[in-house]
Amino acid sequence: MSEMKFILLISFALFFIGVYGFLTRRNMITMLMAVELMLNAVNINFIVFNKFLYAEKMDGLFFTIFIITIAAAEAAVAIAIIINLYRKFNSINENEIDTLKW
Amino acid sequence: MILVFGVLTVASRKIFRAAIFLLFTLINVAALYFFLEYEFIAAVQIVVYVGGIVVLILFSLFLTHRVNSDLPHPSAMKMIVTFLAAFFAFGFVYTLLYWHEFAEAVPVGSAVPVRMIGKAMLNYGEGGFVLPFEVVSILLLAAMVGCIAIAFKTKLKEHKAS
Amino acid sequence: MSLLNYISMMRFEALALGVVIMLLLVKVFSEKMNASVVLGFVNLSLVALLGISFVGHPHGTAFGGMFRIDSTLMLEKQIITLALLLISLQANSWLKKHSSYLEFYVLILSVIIGMYFMISSGNFLMFYLGLEMATIPLASLAAFDFDRIKSAEGAGKMILSSAFSSAILLFGLSILYGTTGSLDFNRVAENFSLTSHLELLALAFLLAGFAFKISVVPFHLWTADTYEGSPIAVTSFLSVVSKGAALFIFMTALYQVFGAAHEKWMNALVLLSALTMTIGNLFAMRQSNIKRFLAFSSISQAGYLLIGVITGSSLGMASVFYFMIIYIFSNIGAFTVVSVVSENTGKENIDDYKGLYKTNPMLSLALMVFLFSLAGIPPTAGFFGKLFLMTSGASAGLIALLIIASLNMVISLYYYLRIVKAMFVDKNESPLEDFAKDNYSKFVLIFCVIVILTLGFCNYIFGYLQSLSFGL
Amino acid sequence: MNLSLLILIPFLTVLAILLVKDGKMARVIALAGSFAQLAAALFMLFSYMKLHDGSRLAFEESHVWFAQWNINYHIGVDAISIAMVLLTSVVLVAGVLVSWNIEKSTTSDPSSGGQPKEFFILLLLLATGAFGFFISVDLFTQFFFFELAVIPKYLLIAIWGSGKKEYAAMKLVLMLMGGSAMVLIGILGFYHFSVAAGTPTFDLLALSKLSLTHNQQMFLFPLLFAGFGVLSAMFPFHTWAPDGHSSAPTAASMFLAGISMKLGGYGCLRVAVYLLPDAAREYSPYIIILACIGILYGAFVTLKQRDIKMMNAYSSVSHCGFVILGIAMFTKTAMVGAVLQMVSHGVMTALFFAVIGMIYERSHTRMGDEMGGLMKVMPFLGSVFIIAGLTSLGLPGFSGFVAEMTVFVGSFQNADLFHRVATIIATASIVVTAVYILRAVGIALWGPIKKIEFEKLPDAAWNEKLAAGILVVAIVILGTMPFWLSDMIYKTTETLFGMAVK
Amino acid sequence: MVNYSYIALVLIIPLAVFIITGLFGKRFQSFSGILGTAGMLAAACLSYYAAYQYFILGSRGADCAWPTIIALKQTWLQFSPNLRIEMGIMVDSISVMMLVVVTTVSLMVHLYSISYMHGEERFSTYYSFLSLFSFSMLGLVISTNIFQMYMFWELVGVSSFLLVGFYFTKPSAVAAAKKAFIVTRFADLGFLAGILILSFYSESLDFQTIIHRMMDYNGSIFLAANSASFMGASALTWALCLIFIGGAGKSAMFPLHIWLPDAMEGPTPVSALIHAATMVVAGVFLVARLFPVYSQIPAALDVVMYVGAFTSLFAAIIACTQTDIKRVLAYSTISQIGYMMFGLGVSGYWGDKALGFSGSMFHLFTHAMFKALLFLGAGAVIHFIHSNEMGDMGGLRKKMPLTNIVFLVACLAISGIPPFSGFFSKEEILTAAFNHNKLIYAMGLVTAAITAFYMFRLYFSIFWNKPASEAGGHADAHSHGEAPVTMKIPLVFLCLATLVSGFIPFNEFVTAFDKLEVEFHLPLAIAAVSAGAIGIIIATILYLKPSTMPDKIAATLGSIYQSAHRKFYVDELYLFITQKVVFNLISAPAAWFDRNVVDGMMNLIADVTENFSDEVKTFQSGKISGYVMWFFAGAILLSILIVYVL
């Protein structure tokens, strides 16, 4: 196994750990954290591909930068919304936030 | 290390611990970048993620959570099913990756200097990223406005109400 | 390339950005500005935006292929701008009362700028940025009904699931980057090979990401909750503009980037389309909240739209445009009625509409026209839209899918008729009283009704759309 | 003769009614419009008779509608469509007349009635759809009008109906739309095959020249035939009819049975059989079986009905079985019979529903056994009822006889046992028909007067007399002078099916 | 060729009267009676003139047969190039004879009804229906085309229905009208099927063409029709038998006779016209019309013969036990028509063998006269007594002398006593039967005896028996019993006809084919007359004076009497079939099936969709992780599909 594929193994694993976390967690903030894990896995992918395959250009690298930036923005908005939710429901547990269903 | 902390992040029942584990994971990822000689990305990772997002998350945790309370335990059944699904998906995806033959070039030894990044960032020709750069700035602005609008206006209203 | 040239190419983006900056300046410097002046200004500028879009035929690429423009893309932008204009007019009375109307416009204009960029993108990076820009501020907009807890809940569901969705999409993109070595549409298309399983995986993940935005089953579950929770203006924006923009770029991506794999995605989309129509309909059947109901109905409409996408022919694409336009008018029209009722009475349940015809005949008639258009009943334009989609499907030989689609038309008629029945047939002890409608909403309603009743008979519009369409 | 007039007149009438405020004005306009339409239809008939060599489409008109799909606004008439148009305009006039007092409808359900403006708009919209359907030669255009004629029924029944009206209306519309969905698939299938053949088209004439393979025909035919069959209440898709008819307001029942069911029969003949003769021939045994079941079974079910409106609804199922049977028998004579039966049943059932509606408005009951002796108090309505009944049971001199006999004779031209037995089974229904008609006459009109309050019921008013009169005249004209119509139709049938049919 | 197209007027006049009185009769109630009678008088004169022209001025053709003249022919409806319904006028011996019969009886009834129906609320309606009937019946007899005949056949049935149900407020009248129509309708089904078969093979609906083609032994058409077999009989046999069913229905042959006695619920003149003289012989006329074809197929003729003979005996027996005078007459009508039927059945086509045909037609003619007379006489009695029951009558000979005489004449005629007309016609039929089949002859003879018996039972019960004062009923004992003059004229006229018509040289005029030389067989005549005489004598013994004998005999006969009295339970059988089988075993389950199974299926589809919708809704759990779970599963499944499957 090449080095690249090994690192990719790690990043893929990290991605699905994130998925697992998202799916099992009840707390919205931990869900957000799980998403961050997934995004990090994607970042690693981009960096690794850029590094090992297409080093002559910086597409992957820039993509990573933008993902990080956007992740920040997304997290900010998400947290704003979550805090908003917390004010209204006094909880951020998804089990308790289900006035909308069916 | 990344994986260990990642697992801990999603498995920890104490929410703060989870956050700290996330922090460690992110730092480890940064280390990985560093190791891959992308120092700039590593730096960004540390600054934005560790310095920004995690802090934000911790901050929001303080706001929303009673400090030492445990997270509710997800049902075992659900955990197993989810785990199996995620694991299966992982196996599937990784198998595909494993059998894919990349035209692996020899890694270019030198690191990408920050200057090049800066140049590319402002280049508007082929291989330049000025447009995304601008766009992302608008995006950040908009996100900011959105956050402010939601967080502050509701607060104001509540104040008025009380 | 001169600056003028850039501006001409990016006229939508530039002007919208200009308006955003103006609004921010207003916000900073003169907080006490009269609301109706600002709203009028924004609406006017949207009209201007639409107007200048018809000057000249810009085409070309800029920024190293990251930005592309041609007549088709112009058309797509015109369509979503038109929709935004209608929504803006419809939302007028709601916004006047709203404390943060300035922020609303800043956000929604940023969203539409994101959409412009997304539509015009020639590169997955730009596409991703545009997509996020069209999502993140929108999530905060979904929470804009500060008083209603449902609004916040919908927004929370939206932002979290869209974060997850974009993570999946990004994962696909990263793999695509790994296998093809580029993010540029043309380069990806060149390097894309059907033999690589990994690339197909990337395609699948991308499809899932797109499907989330277009709210295709089973990636649709956030839709209903968010639609119900959001302010009506945002709901209509989500259901029309958001969906439309995503669909446009989806078509571009499928045709221009993944054309080589068309058999794969066609078959996949046939499945998704069938599922979407059916499940969307089944959900819609039992709804009691009209917004939620319209959400599900819009899910099933997405299924019909996919038929046109699947065909991969220029006629199919033209039908998608055509249906999209009709759908904009029908859906925004319907939401306008809902918004008028809800603004005046605060009621959103289908049961509240009982006996509406007795007190508000014009409003009910308008809603009936919109619903029939959504259901595809002649002589409304929706009939033509749906039939054209299905005809394009027929010329591509998607008979099985068409069978499902036609059966779904029957089911959908059932629930559209439920509302018609509530308004026209059911007796109500205390129907909603006759209330005043604001002029903007009236204008939107009349305009939508006229368009819906005449569009099907104006054959040149379809000809125009077809001239701008392309296939695989 | 400009055929578009036939679509324009009712449509303009709709617009005119939209513009007026007053319900009284609305009905006058509606009546004027429908008379204009009748005049136009008659004018068309005469000019057709003058010019016709009986074979080709007359007064053709074709405008490109959507060039991209080869959709044309293509209209034209031959004898079959002329028959249908005439039928529709006659029923339209009668329907408007019958609904003259819809404003103060006196049915037992106080919630129904009112809103005359809306009522006439819907009625004329429905008629517009029917006219358009009958004269269009392009499948797309035809389908457009076809669907146009479905939805107004929902509102007509659900708003002005009685009994379980909402359920019935919904069921009716959904079943009809189910049928139209099948038709749609069939039409799209046609389009698909024409695309495959290199000439995408919706045009009936062009499609008839398309040589489809056996499998293609076998695939399309059941969809189209069953789809249209739903509309013409083919067993087992007939259950919308009893509920729908019995709940609908009088004029809507008249339209439903008089016109809508004909849309189905016309479609079966004009689209399914015309375009797919080979498949039609292969499927015809199954269709014949279904038709026979429909005819006989419908008749027997009718026997058991207490509600006379329900009774007529079921009898429509039985009668429309003859249409299907005539088409499936695959001889020219039988097809002519099918068309005649459509016309005849259209007028007859319209008359029947009209008179049932009038009686209902007076007696406030539709249960046959709660009436009795009504002949004594309302001799005019009673006589009309009996005339309708006699037409229904196929009395010579009335239209039903001509149509049924043509179907029988035509069916019997098939020399094999199966067709013969089927014909005989179908003929057997005339006895059952006689039984239920006489039963209805016996319990509702004859016998002693059951309720005191019946004795003071008024007989028909002028509008009712006029409506019934027009329909009776139509029935008698058809019944005593069928030759002009049947000859015309025979020639058209020869042109349309000359190759395929005995 | 003589022009007979004026015969069209014979039809048009009643039709015009029907339309005028039907539409405007309300305005001038009483006038419609006069109008109707005048119209009928004109029609009758035209018919007489036609008969005069045909029989007296015209002559037999070269082949010794009376010519068949198509006076008028107009295509009315073209089914296919070969098959068309033509409206026309066919003039031949039987149609001319029928014209005379129908117009005569109809005229009498019109005239009679003016006073009989006087004061009825729906007087004009009555006359319009009568005219309608006359029109239809006349149309029937002059038909050139089998379908034309079928059409008028149906019209006749409807007019009968309307007239029987004239007193529609009486439930029994309603039931009788329904029964009459439905039973004949059922028979018409056979007629129709027969027409379909016959027309298919002969490729024509025209009587002359059909007869011509079917008479051609070696023609391909006859061979095809005769060789195509179904269930052991040839297509032609089937066709003829089916057509005979049609005739049997109208002519009330067993087992389709049940409607006729009930049809007496109608006004009595109507019974005289329709249910005695004209419509009920339509079946006989039908068989006679197609007789050349029947004569080719002996099997079919045998059916006609046996059914006719059995019916005549069967009905005669029942007639002995009935107490309602109109019912007695009704059964006697059935019995006499049975006579005519078996007359045809025993006949052949050529030469001497054709005696049965000629006799049957003769009997048709004479029967029409004396049976109409009987009914009108009975009508006069009923008019006076206001009751139909024999028990309410008696000793009326004093009060109604004229009626007494005409009734007696008619009774003697029907009993076959010379020199009254019945004797001649009956004798011919019996002679033909004797030559053909002895069993039938025996049955005929017995029937003749029974006929004489029940007729005189009737006669004595009305006019003799107990004295008038004891008779019940609602007659005003002091009133003058005789009817007004408009009722008397028809009685007298018909009585004269009954007296003289026996001497018409009928065989000269009405024959199957060529000239018929009839030998008079004295022994047979004696046998027939003595049979009648025996019947009369028994009746005289039993009924001339009031006595208990009849009851004793009835008691002795016990169940046989009882079952004859109950009409051998045929009605009950029908009732069982219609009520129990058709309504409860077919209709009710069918209705149930339709509501619950067929409709249930449709509702089931809706329910399943709705339930499915409810099920599906639970996906929308309101929980993000649930949503994302679906998203994730969808994405993975989609990728598996895309990568491996599609």
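Order as written gives the chain letters A, B, C, D and E; numbering starts at 1 within each chain.
In the analysis below, contacts are C-beta pairs under 8 Å (C-beta built on N, C-alpha and C of every residue); 3 or more make two chains touch, one makes a residue touch a chain.
Everything numeric here is computed off the predicted structure, so don't read it as measured data.
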| query | What's the fewest number of moves from subunit A to subunit C, given that each move must go to a chain touching the current one? | reply | 1
| field | Graph distance between subunit B and subunit E, where chains that touch are linked | value | 1
| said: Per the definition of touch at the top, where is the C-beta contact count highest among chain pairs? | reply: A-B
| task | Specify the chain most distant from subunit B by Cα centroid. | result | E
| task | Could you tell me which chain's Cα centre is nearest to the average position of every protein Cα atom shown? | result | D
| note | The distance between the C-alpha centres of subunit B and subunit C, rounded to whole Å, is 29
| So how far apart, in whole Å, are subunit A and subunit D when each is placed at the average of its C-alpha atoms? | 64
| remark: So, in whole Å, the Cα centroid of subunit C is separated from that of subunit E by 78
| Between subunit D and subunit E, what is the gap in Å from one C-alpha centre to the other? | 36
| Which residues of subunit A are in contact with two or more other chains? | 15, 18-19, 22-26, 28, 31-32, 48, 53-54, 57, 62, 66, 70, 73-74, 77, 80-82, 84, 95, 97-102
| request: Please set out, as single numbers or ranges, the residues of subunit B touching at least two other chains. | output: 82, 85-86, 89, 93, 96-97, 102, 127, 129, 132, 136, 139, 143, 146-147, 150, 154
| task | Could you list which residues of subunit C touch at least two other chains? | result | 125, 129, 132, 136-137, 139-140, 143, 155-157, 160, 164, 175, 178, 197, 201, 224-225, 286
| task | So, with touch as defined above, which chain pairs make the list? | result | A-B, A-C, A-E, B-C, B-E, C-D, C-E, D-E
| note | Residue positions on subunit E within touch of subunit D in the complex are 75-80, 83, 85, 147, 150-152, 154-155, 158, 161, 165, 168-169, 171, 173-175, 177-178, 181-182, 185-186, 188-189, 192-193, 196-197, 199-200, 230, 578, 582-583, 586-588, 590-591, 594, 598-599, 601-603, 606
| note | Per the touch rule above, subunit B residues touching subunit C in the complex are 93, 96-97, 99-100, 102, 123-132, 135-136, 138-139, 141-143, 145-150, 153-154, 157
| Can you name the residues of subunit D that touch subunit E in the complex? | 171, 174-175, 235-236, 238-240, 242-243, 297, 300-301, 303-305, 314, 331-333, 336, 373, 375-376, 390, 393-397, 401-402, 405-406, 408-410, 412-413, 415, 417, 423-424, 427-428, 430-431, 434-435, 438-439, 442, 445-449, 482-483, 486-487, 490
| How about subunit A: which of its residues touch subunit C in the complex? | 15, 18, 22, 28, 31-32, 35, 38-39, 41-42, 45-46, 48-49, 53-54, 57, 59-60, 62-63, 66-67, 70, 73-74, 77-78, 80-82, 84-85, 88-89, 97-102
| remark: subunit A partner, complex, touching residues on subunit C are 125, 128-129, 132, 136-137, 139-140, 143, 149-150, 152-157, 159-160, 163-164, 166-167, 170-171, 173-175, 177-178, 181-183, 224-225, 228-229, 286
